[in-house]
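When the chains are written out, they are named A, B, C and D in that same order, and each has its own residue count from 1.
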Amino acid sequence: TGCGGTEKSSTDSGKGKDGDLPAVGATIYKFDDNFMSYVRRAMETAADGKVNLMLNDSQNDQAKQVEQVDTLIAKGAKSLAINLVDPKAAQTIIDKAKVKDIPVIFFNKEPDASVLKGYEKAYYVGTTSSESGILQGELIAKAWEANKDTWDKNGDGKLQYVLLKGEPGHPDAEARTKFVVDTVKEKGIEVDELALDTGMWDAMKATEKMDAWIAKYNDEIEFVIANNDGMALGAIASLEKAGYFSGDKFMPVVGVDAIPEALEMIEKGKMVGSILNDAKNQGAATVQLAANAANGKDVLEGTEWKLDDAKAVRVPYIEITKDNIQVGKDAYK
Amino acid sequence: MNTQATKKSTIVKWLFDNVIYVFLILLVIGIVIASPDFLSMTNLINILSQSSSRIIIALGIAGILILGGTDLSAGRMVGLAAVVSASLLQAGDYAYKMYPNLPELPLFVPIIIAMLVTGLFGTLNGFIVSKFHVPPFIATLGMMIGVYGITSIYFDRPPYGAQPIGGLSESFTTFAQKGIKLGQYEFPYLILYAIAFSIIIWVLWNKTQLGKNMYAIGGNPEAAKVSGVNVAKNIIIIYMIAGLLYGFSGTLEAGRVGSATNNTGNMYELDAIAACVVGGVSLSGGIGTVPGVITGVLIFQVINYGLAFLGVSPYIQFIVKGAIIIVAVAFDMRKHAKKK
Amino acid sequence: MNTQATKKSTIVKWLFDNVIYVFLILLVIGIVIASPDFLSMTNLINILSQSSSRIIIALGIAGILILGGTDLSAGRMVGLAAVVSASLLQAGDYAYKMYPNLPELPLFVPIIIAMLVTGLFGTLNGFIVSKFHVPPFIATLGMMIGVYGITSIYFDRPPYGAQPIGGLSESFTTFAQKGIKLGQYEFPYLILYAIAFSIIIWVLWNKTQLGKNMYAIGGNPEAAKVSGVNVAKNIIIIYMIAGLLYGFSGTLEAGRVGSATNNTGNMYELDAIAACVVGGVSLSGGIGTVPGVITGVLIFQVINYGLAFLGVSPYIQFIVKGAIIIVAVAFDMRKHAKKK
Amino acid sequence: MSEASSANLLEMINLTKRFPGVIALNNVSLKVKAGSVHALMGENGAGKSTLMKCLFGIYSMDEGKILLDGKEVTFANSKQALENGVSMVHQELNQVRQQNVMDNIWLGRYPKKGIFIDEKRMYEDTAAIFKSLDIHIDPRSKVGSLSVSEMQMVEIAKAVSYNSKLIVMDEPISSLTEKEVNHLFTIIRKLQSDNVAIIYISHKMEEILKISDEVTIMRDGQYIATKSAKELTTDEIIKLMVGRDLSQRFPEKINKPGVVTLKVKDLTAETEGSFSNINFELRKGEILGVAGLVGSKRTEVMEALFGIRGIKSGSIELNGKVVHNHSPQHAIKNGFALVTEERRTTGIYPQLSISFNSIIANLPQYRKGLFLSENKVHDDTKWVIDSMKVKTPSQKTPIGSLSGGNQQKVIIGRWLLTKPEVLLLDEPTRGIDVGAKFEIYQLINQLAAEGKGIIMISSEMPELLGVTDRILVMSNGRAAGIVETKTTTQEEIMRLAALY
């Protein structure tokens, strides 16, 4: 079965049986991004038999992506589905597509509204970065209020947290870091930031930062906020090592993405919650719009999606806790 | 019969000496066989223009490699230059300007400033290597990490924080994205810049004292020293020139992409060093040519572009790319390995 | 007076010869001054256990560096081993198992399989380097790219696609996360593994023919050939051993965080090579010791951990880290550079 | 001559130079007259090169002062030395092998036209210098493709081209043959007539006495004496150098050739233009010399015997059995050993210890199970140091910090440890002082007396005549003849060497 998967993806993106279908050129900003790989799968599924999806791995390099767009255009793509590396590079992509009158569906990373407006055949499918931060903040606030008695270890009424940030400069990392704290504060909870450091989205790095923080602050830490689940899981590994989650030693941890591994942790009670980044629908919507565009139809034809003022299809983030864990699981069905 | 034999052996020798050019041609032929429509003017122009900024970086690194050094900081310097130049040349009406009150400068100003900044860090590299005898690997690794920190601090600032720096002024994007119309094709300026720098560097390496000294230092630093060459000075200048090239290339990257972040240029040095080695530059110093470096970059770019064009699945692309790189150099090595 | 003077100069000489150990101590003192509570058993254990798997990787790479080679594929091999071992040892009741029907294997099986796989790729590295005379930089760069492709294909498969391979069986996480209780502290097994491998490698380098051959090849490959060393065979074995070490380390990495992805291990080689160089391994081959390598890794880890512990802002961390690396080596170089 | 010219051009006064663990120079003085040839002599490690490196700005001295033309100077680097009229031929070839001859000659002072290098002038000037020195090398050929002796001639030409007042030649002729040595002497005479002073370092007594005006002798980092060459004899020099009488240059021959051990039949190299149809026999207990001009492919024959070079046809028989030495490993297993010609490139492991350098070709002998026996390693290293009289602070000292001659002794020791049946020596005494030479000859003799077969390439005629039993003379890749040492003459050998 191992080879089955490989062959499938290579024919999907190659000429093979899909050769006669309309060609959609797609770029993923980074293939080995956990979350984006779910989106990619959803796109592959949605494309099957409908369009010839030519997938590219931009390897987190915007210049590479710009080049891939050149290649895709040279190969005769009828529409483009672009997961930007750097959201401000949208104009450059549009400039290239415009020359050949090719529609562009941006997804997952949102271009400036004014840029989208500048090209009538440009659309966006995705979320809003800030939303995940806001939802995470709300989740934290709710959980804190409910468990204040035990979680506020020093009883000062303030929430002492440590925050594991994603890659500095990454729009998601920046937005989540800012909005999660802002939201918690807006909900009237006083906070103290004990430490903030980057774990570069990476579980291992997060484990090691957490090791140091536990050593330094020990029981002073009352909350662990992570910009994504990968780092949340890393923090949990460190906490477990320090004796948390056994007996009555507990630490609330939250992440973003709601990847399956995190869902397990939520079920086991080692994680308070996460924010579901709805990969399935982002991927499906992207391909639906791109296929329509490639066939010269109205992008929304035959779909249930709606465009907002910014020509964007919004796939909402969903807050996931133990209570609605099934919602998370369904996303991976 | 005898003359025929010698003729044949001359051709064989020529082929051996130029394996890498032959390899590039074979590579193109291979791709064309797999997909005949690869052979188009558009693809040629695409490949050349994609190679342009890489060639400029590779030429900078190549000089350092010929010296017997290395430079891991190249990519981060490109990023620094991209961020600096982009921040100084955003369109006047753009909503998220880093310097809201900065008037639209003439194009050359941000380019020069970016080049000065990276030229300075390049000089610092050279200084650390030559004056403190820190091995280039470590000196430039430290620089790579440090420059990233500096770029990030510059990048992640009020008023808008860590936002990609976009909305570049039109003069900037024209400079990097447009070209000269020749019939139905547009011949990108990028290619012209690469040609210009290639010529300058070629002259520098082959016609000037600095160039000869560079080869001598890389070939045998002791010999250079006892012959009265100011080794430290020459090392510093070569690193400085590399810095200037990264600076220019960084502005091209910003212009080409239409924006810049602190992640721009990440890991470019690895590709550049690899391209140099594939193009015959010796990592132990003293050996390397400009045409070789260009060919090395082109081979990489043809592989990248070709595999994507053929629609090879991305994971398989990695495997094929890895294999081709090894095979290319293995072939090239045969010329040395011919048993004595 | 005279004996006093010699005594002093002996101490100075000793300090010079051991600068790097002195540096590590100064570094720790510096951090303790900035934050006295750094001096705790917990921090010591944390730093040592964080260093453990890195030491194992660095020892693998160090052998290759002493040979005069390099290995860019180390990180990707660690990733491959992590993914392979994790996929073979998920808890029976975990919902997203890669092999839903696989029974829970004894711990040693996945470890051995992972080591065999990376040992094989290591051997391939050595083979390409020694038999086809491909420069190690290129051979292992090709391998780095290719192995990543292979790992990704293995990783990104039905039934669950590209998701982190988690839910590791308890035997696995115990192996990498637990330790021996000593009073109030838990002394992680990780550290024991690192000690065990350090001893094995020390013996290998210093007490066996393979070790001598390794230094000979790195010190002067031409002379080694004439001295009757089977250069190719020894190169292949050293690369193979490195592969085995990466394999073990990869399983540790998976066990340590409790999951693995195709991105696990990315760029580890850069840190490992840097640690080796800081620890006195010469990139031109022939020189290096096990204690040096360990010290190099510890210096890096003390920097990483220390800066995080001090709560230095992330961007500044980069700058400080870059500077410390350069300064450490600049000091170390003084022992060579003391004008002759 | 006028008074001024007999005045001292160079005065080095009470120089002291220390290295970690060694005092390389201890209060050494040297006075050199303008226009004179001043020989500097001493055993290996006496400090000759170090003294010159202090002068030339490569090392900085710890104490003492240097006067040039009566003015005190200290050159911070070689550039300053060159600019002040001092140039140097270095003991270890210091060339950029990847570049061509003229690039090497003008390195550090390229002729320029505007900002560009004036290649044409560079070529012409090089050609002119070569012409005036009667050197026939294409200025555009790559240095790496030259023979060692050609490289040495280029170095000499380069030193001369600075038009210096003082030229230091540190063992300039170690790789030169008779003819080239005479050529060099012509050059030196010519320089002398232009009032250039030469400091000449060499271990070759006859040449020293022939060429020099004055001789300064050093021992163990100390100044011993300066004498006029006219007052000196070889024996006196040796006595001053070694500090005792050395009555003979060559030890009594004690070996007795026995049955044939090595039979080389019709050996032809794989590469074209190398040697062909080589036939000779070597007996147990015999010392067979190999003579020939540079480029006569003596080295290549040895390399072929040792499995470094491929052979197209022919056979090698050892004790009646055909052996195939496909690699040095096979060769060693079959009882061969080779001390190579180029110590730096194929001999030493410079950063590694003397101990390591001693035992590396003999590792299988130290294996005890999986490990190596420390004791045996230690004992064997001690044997090398003692029997070869290696001057070193310890077994752990990196070989790279020994003087050239001492390095060579370690290498010879290395191969003796393998207890070979057939010992191949390619210029084994190059750069070695008389005392040490004597010791090496003795060792060779002793080995032969123990029944080993020994083949020794040498470009030093007296050595060949003094040590060997028979001499194979090579000419242009072919064996021109084999002569009995006892009955042959220098003239006969020269004639054979020029046969093809």
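Here is the rule we go by: a contact is a pair of C-beta atoms (placed from the backbone, for glycine too) under 8 Å apart; a residue touches a chain by one contact, two chains touch by 3 or more.
Keep in mind that what you see is a predicted model, and the values were worked out from it rather than measured.
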(message) Contact counts by the stated rule: is the higher one at A-B or B-D?
(response) A-B
(request) Could you pull out the chain whose C-alpha mean position is farthest off from that of chain D? (result) A
(message) Measuring centre to centre with CA averages, how many angstrom lie between chain B and chain C?
(response) 30
(request) Could you put a whole-Å number on the gap between the CA centroids of chain B and chain D? (result) 45
(message) Rounded to a whole Å, what is the gap between the Cα centroids of chain A and chain D?
(response) 70
(request) Mind pulling the residue numbers of chain C that touch at least two other chains? (result) 152-153, 156, 314-315, 317
(message) Going by the contact rule already set, what residues in chain D reach two or more other chains?
(response) 58, 308
(request) Could you list which residues of chain A touch at least two other chains? (result) 6, 9, 31, 168
(request) Determine which chains touch and list them pairwise. (result) A-B, A-C, B-C, B-D, C-D
(message) If we count contacts the way the header does, which residues on chain B are in touch with chain C in the complex?
(response) 72, 128, 132-135, 137-139, 141-150, 152-153, 156, 270, 273-274, 277-278, 283-284, 315-319, 321-326, 329-330, 333, 336-337
(message) Looking at the complex, which residues from chain B come into contact with chain D?
(response) 203, 207-209, 212-213, 215-216, 218-220, 222-230, 286-287, 339-340
(message) Under the stated contact criterion, what part of chain D meets chain C in this complex?
(response) 19-20, 58-60, 306, 308, 327-329, 331-333, 338, 340, 345-352, 356, 359-361, 363-364, 366-367, 370-372, 374, 414
(request) Would you pull the chain A residues touching chain B in the complex into a rising list? (result) 6, 9-10, 12-15, 31, 54-57, 60-63, 66-68, 70-72, 74-75, 86-92, 95, 112, 114, 167-171, 173-174, 178
(request) Sort out for me which residues of chain C touch chain A in the complex. (result) 37, 40, 42-43, 46, 50, 94-96, 152-154, 156-158, 160-164, 166-167, 177, 186, 188, 253, 256-259, 261-264, 304-305, 308-309, 311, 314-315, 317
